C-alpha cells in the first residue's frame, strides 16, 4: 500500500523532493505540485543555486515558495521524502541511486538513465558508461497509458522522454494492432525551445532561435532508441525507424508527424475505432475528430496529448500526428501522473489543467 | 445573502452565463471557471458562432466543454443564470440591460459601458450615445483591491479595463498618500496582442505584429479617462495625465511604466512602507523586493499584479512599474474575483493559478 | 533580343508592372526591384487599395515609393510594361491573359495557374476550371536552376510555388541521378506565416499563430501535384509522394525535410559529388558542408536555398534538407531571377542580398 | 583628402578591419560592407573564434566570406587597414588605442569609450577607469545628422549608442529650437534583444525573453549620460532626464517614446515645420505624416530613423516618437555612414537598404 510509505508530516501529505528543481522541467514540477492537494515539496534541489531562494531564481514563485535551494544529497533527501523526482542531466541518477535510497524513497527519474533496457544500446547512444545497470531491469518505463499496472508498484520510474512520449502515443494503437509496415515508419518531430533546457548556450539565445527553424541530431538523436524500444515491445518485433527532431521558435510544445505504409487496407472508421479502443478511457489522450490536426497551442500548459491520423489513399500511407506540452505530459505532468499511480491517488489529481489559449 | 439568489441546479452551483464567450477574454473566463468548484457555465453566448460547438471554436476545450454556442438573449439568459459576464463590444450591455434583467441576475460587464461615472466623458471618448445612463450610478467599479466592500452587494459590476487595472494598482498607494505631483504623471504602457481582440483585422495578423513594437492611440486612448477618474477619486482632486499604450509581439501581458515627480522628499523605505500598507493583505498584488523590476512572464496565466517602484534622485522622480496578465487580472480573472466577492465565496476561489514559466 | 522589347522610358530601364503588389510577395517584389539597377516599376496594381498611396499601405516604403495603387487592367498595363508580375489569387491570370497581352508584355505569374502541365490535375487539385488552357503548353516552369535555357525565350513564366521550389531543389540531384527509391519519398515541410498571405483571417491572427505549430492540408495540399510533376520529369517516370506542410510561428522561411530509401548503396562522398555536380555553378544554391543542417535564418532576406543531406545507415534512408526564404527564392526573388534571364541581364542582378542575421 | 590614406590594394578599395566581428553589431558591419562597392574587409577580428572560419560562426556568410577570424592586434591591423571598426566591450579601445595607431588608421568605435566628453561622468556611470583620456577631446561624436562636418576630418569617431541615436534624433529639433521644458523630459525606450549582445547568458535565452516585456536599468542605464550630454549641447544648457529602457521579444528594433511639456504654445504645423527644417535634407531621417506612429518593422534592416510627434493639448505635452533598427542606424549602419563621410564617399553608399517587411 503506497500510502503507508508516506513520511510523517502535516495532513499526511506525500513528501516530495526534487533534484534539478531550477531547470525548466523541475520548475514545471513545482508549478504543478503547488496545485496538488496531496503533495508537499520538502526539498528544492539545485546544484547551481544552493542557498539561493527558489523565488529569486523563478520570480513567478514569489510569495508562493519561501524555500531556499538545497544540494543534491540523495542520501539525506531520501530520509525526508516519500518520492524523489530527478530532473537531472544524464548519468546523475545512475551514479547516485542505491538500494538504501530506493528502500526509503520512490524515485521518478526524468532523465534517460533507466529508460532503455538494453544497457549496450544506452551506452552507445549516450556515449557514457552506465553506473547502475543493476537497477535497469526493475525500473518501469513510466508511460502511464501503456504500463499503468506496473507503475503502481514500482520503486523506480523511468519517466519517458518528451519526444518518445508524443511519438509513441501517436502511433501506438496502429503499431499494436499491426496496421503498419514498420519498416516504413518515419517520425518527423518539432519541439519548442524549453526542451533544450536552461543552460547558458549561444545556440539557445533568443536571437539565435527566434525567426528560425532547423533540424538537429539528424539520424543520431538519443530519443531514437527509446522510441524504437517501446514500439518494438508494442509490435512484438524489432522496429528500426527514422526520427528527426526540429527546433521551433516557441516556448512549449511538441508536434509529431509520423508516416508509415499501411500493411493492410483500412478505412478511416476502422482506424478510428482502433484509436478509440486504446484511448477512449484515457483522461489525457484526446483522439481528435476526423480531419482535425493536432496543434500544440491547444494542449499548452496541460497534460493532454492530442492525436489524430489521416489516410493517404494515393500513397497507401497513414499520417499520424500528436501534439503535447513537452514540459507537462512530456516531463513534469507525466511524472506527477506516475506519482499519483504509485501512491494510489486519482490519476488526474493536480493535473486537471485546462490548456491555456492564447 | 447572495447565495440565496442561485438558480436551481446540481449541487447548488452558481449558474454562470457568458455573453461574448468566444473572444479571448470570454474564453479565459471559460478556462478559469472550469476550475472553479462553485460555478457552472450554463450559457456560452457567441453571436458569431451560434449553434457551433464551443470546442470547435476553441479546440483546447475538446472533451472539456460539450455545449454549443448560444445567442445573446439577455432576457432569457437572466432567467437561467445567477450571474452574467458580458465580454462584449462597447455599447452592447448599455443597450441590453434592464431593471428586469438586473432583478434576476447579477451582471459583471467586461466592457467599458459602466466604468465611467461622468456620462459626458464616456460619450466624448467613446464617441457613442450611452443607452442606459440610469444604471451608471449604481454600477460599482470592480477593482477589488479598492472597492471590495461595495462589490459585495452590487448588482452591476463594471469590470475595470486592462490598462486601468495595471495602471491604477501600480500608482495607487503613492497617489492616495499624496506623494506625487499629479500634474507630472505619465503612464507608458505595453500590452501583448490578445488585448487587441480576436477580430479578423489585417493589423492583427501574425506578420503585422511579429517583430514589431509601436505606440497607438497616442493622446487619444479610451482608457485614459478611466484611469484619470479612478486616480482622481484616490487623490481627491482632478487628475489629468498622459497615457500611451504600445503593442508588443507576445500573446499576453501588460507592463506599465509610470513616471511622476515626488511632491515631497521620501526614501525607499518610506515608499515601500506605503505600498506594503496598501497591499500586504492583498492576495493578488505582489510588491516586489528592492530593485526587482516586474516582468510580464512572471504573472502569465495568473491573477497577480506585480508592482514595484524606484526613486530617481537625479530627477526627483519616482518610476512606478506594474506587470499583469491582461486576460486574467486585466479581464477574466478580476471578473471572477468580483463574482467571488459578490457571492460570498473566498476571493481566491478558482484563481489560485500559479504563473506559468516559460 | 529581349532588350529591344523594352518600352520607351528614362535610361532604357525595363518597365515593370505588378498586379497584386500589396500582398506579401508583391511587396517583396517592390523591395527587390527598388534595388535593381535595370528595372523600374511603372504600375503598382492592387485591387484592394486602388488610388491609395502605396507607401500608406506599406510604410516601410515612405519616401521610397511615391506612386498610388492601380487596378488590375492587364490590357492597359501590357501597353506600358515590358514585363508583368502577377502575384494574384489562383485563376486571375488564366482569366485575364490573352494573345494580345502576351504579344506586348512578358508575364511572370507567381500564382499556380500555369505551373501544372496536365490541366485535369490542375482542375482536380485546385477545384476550379482553367480558363486559358491554350497557354499551358507554352508556359515555362520558372525553376531557373532546372529550366534556365527555356526561360530565356519564354513569354509566359509559371513562377514555382514556395514549397515546390524548396522541395524540388533539395532532392533534385538524387532524383535525377536515380539514387532514390521514389516510391518511398516523403516531404515534411515547415513554413513561416507570410506564406499564408495578408488576408484578414482569424487563423492568421498573431495570437492564433504565435506559440503554436500545426500541420495543415495533410494529404491534400495543392503543391503536392506540382512537386510530383517536376520530380516525375526529373526521374523520367511518375512520382507519387507524401507532402505535409506545417505552419511555424515566424515571418519568413521554409524548411524541407525529405526522406527516401536509397535505391543503391552510396556513401557521403558519392552523394556529395552528385549535389556538387548539379549546384557547384549555381549562384543561389549552397550545398552545405558535411553534417551542417540548413536553417532558415541563414537565408532570410536572400535568394539562397541551402541544401544538405545525411545518410542513415541504420535505415538505408537519406534525409535531404533545404532552407529558403519563401518570399525571396520562393516567390519574388525567383521571379526577378526569371526576369533577369528573360531580359539578358546577369542572373543575380538585384539579387545579391546578404542574408540578414539575426 | 581622406582617399589618399587608403592602403594599397585591388581597385583602390577602402581597407576595413573589424574588431569584434562576431558580435551582432560586428556581423551587421560585415553584412553591410559586403554590399559596399568601395570597401573591402581585410580583417575579421574575433577574440573568441580566432582561426575559425567566419562563415562557420555565421553560416549566412557561407560562400560569401572565406576568411578566418583574426585576433585583436590593433598594431598590426592598423598597418593593413584604412579604417578600423571596434565593436568591442567597454574599455577595449581605450586600452588599445595609441597615437601610432591613429596615425595609420582611422577608427570608428562602436563602444562607449569615447562618447562622453566628461571623463568623470564616464568613469562614474561605467564604473571603470578610462585608460586613454587624452583622446577624448579629439574624438567626434558620430551622429551624422548633427556633426556631419566634424566627422569628415576626424581620426577617431565615437559611434553613438543605439538608444542615444534614436532618442536624440527623436527630440533634437524641438530641443534645439527651445520648444521643450527640458526639466520635464522623459524617455521611455523599448529595444529588441539583439541589443543585449551575443553573450551566453541565461537572461538572454529564448525562453527567458520570449513572451515577456520588462524594464531594466531603471534610473541607472549607461546611455543616460550620453543622451543628456548630447541634448545639453543642443539646448545650450544642462539637461537631466529620466531614461528607461525595456526589453522586447523581437530580434531588432528600438522604439523611443519621449514626453515633455511644451515651453511655449505651438500647434502641429509649427512643430512639423521645425522637424522638417532639420530633417528635410536628411536621407536617413523620415519625418512621418500627421498622426502616423513610427513602428520598428518599417525600418528593419535599413538605416532609417522614422520620427514623429503628437501634441496633447489636455496636458500641454508633446509626445515624440522614433523607430530605428538598433543594429543598423543604431550601430553598424551609422558606423558605415560615418566611414562614408570620412572617406569622401556619398553618405548613403552601401546603405540604400530597403526596410524588409514582414
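Residue numbering begins at 1 within each chain, and the chains themselves are lettered A, B, C and D in the order written.
Everything below uses one rule, namely that a residue touches a chain if its C-beta (ideal position, glycine included) is under 8 Å from a C-beta of that chain, and two chains touch if they have at least 3 such contacts.
For clarity, every value in this text was computed on a predicted model and none was experimentally measured.
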* Structure fact -> Looking at Cα centroids only, farthest away from subunit C lies chain B
* Structure fact -> The pair out of A-C and A-B sharing more C-beta contacts is A-C
* To do: Express in whole angstrom the distance between the two chain centres, defined as the mean CA positions of subunit A and subunit B.
  => 36
* Where the centres are mean C-alpha positions, what is the separation of subunit A from subunit D, in Å? -> 46
* Asked: What whole-Å value do you get for the distance between subunit A and subunit C if each is reduced to the mean of its CA atoms?
  -> 40
* Asked: Which subunit C residues reach two or more other chains?
  -> 24, 194, 207-208, 210-211, 249-252, 295, 297, 300, 358
* What part of subunit A is in contact with subunit D in the complex they form? -> 24, 193-194, 198, 200-202, 204-211, 249-251
* Please name which positions on subunit C make contact with subunit A in the complex. => 184, 186, 188, 190, 192, 207-208, 210-216, 218-219, 240-242, 244, 246, 248-253, 255, 257, 259, 293-297, 300, 310-312, 314-315, 317, 319, 321, 323, 358
* Contact residues on subunit C for subunit D in the complex? -> 24, 27, 31, 34-35, 58-64, 194, 211, 251-252, 286, 288, 292, 295, 297-302, 306, 352, 354-358
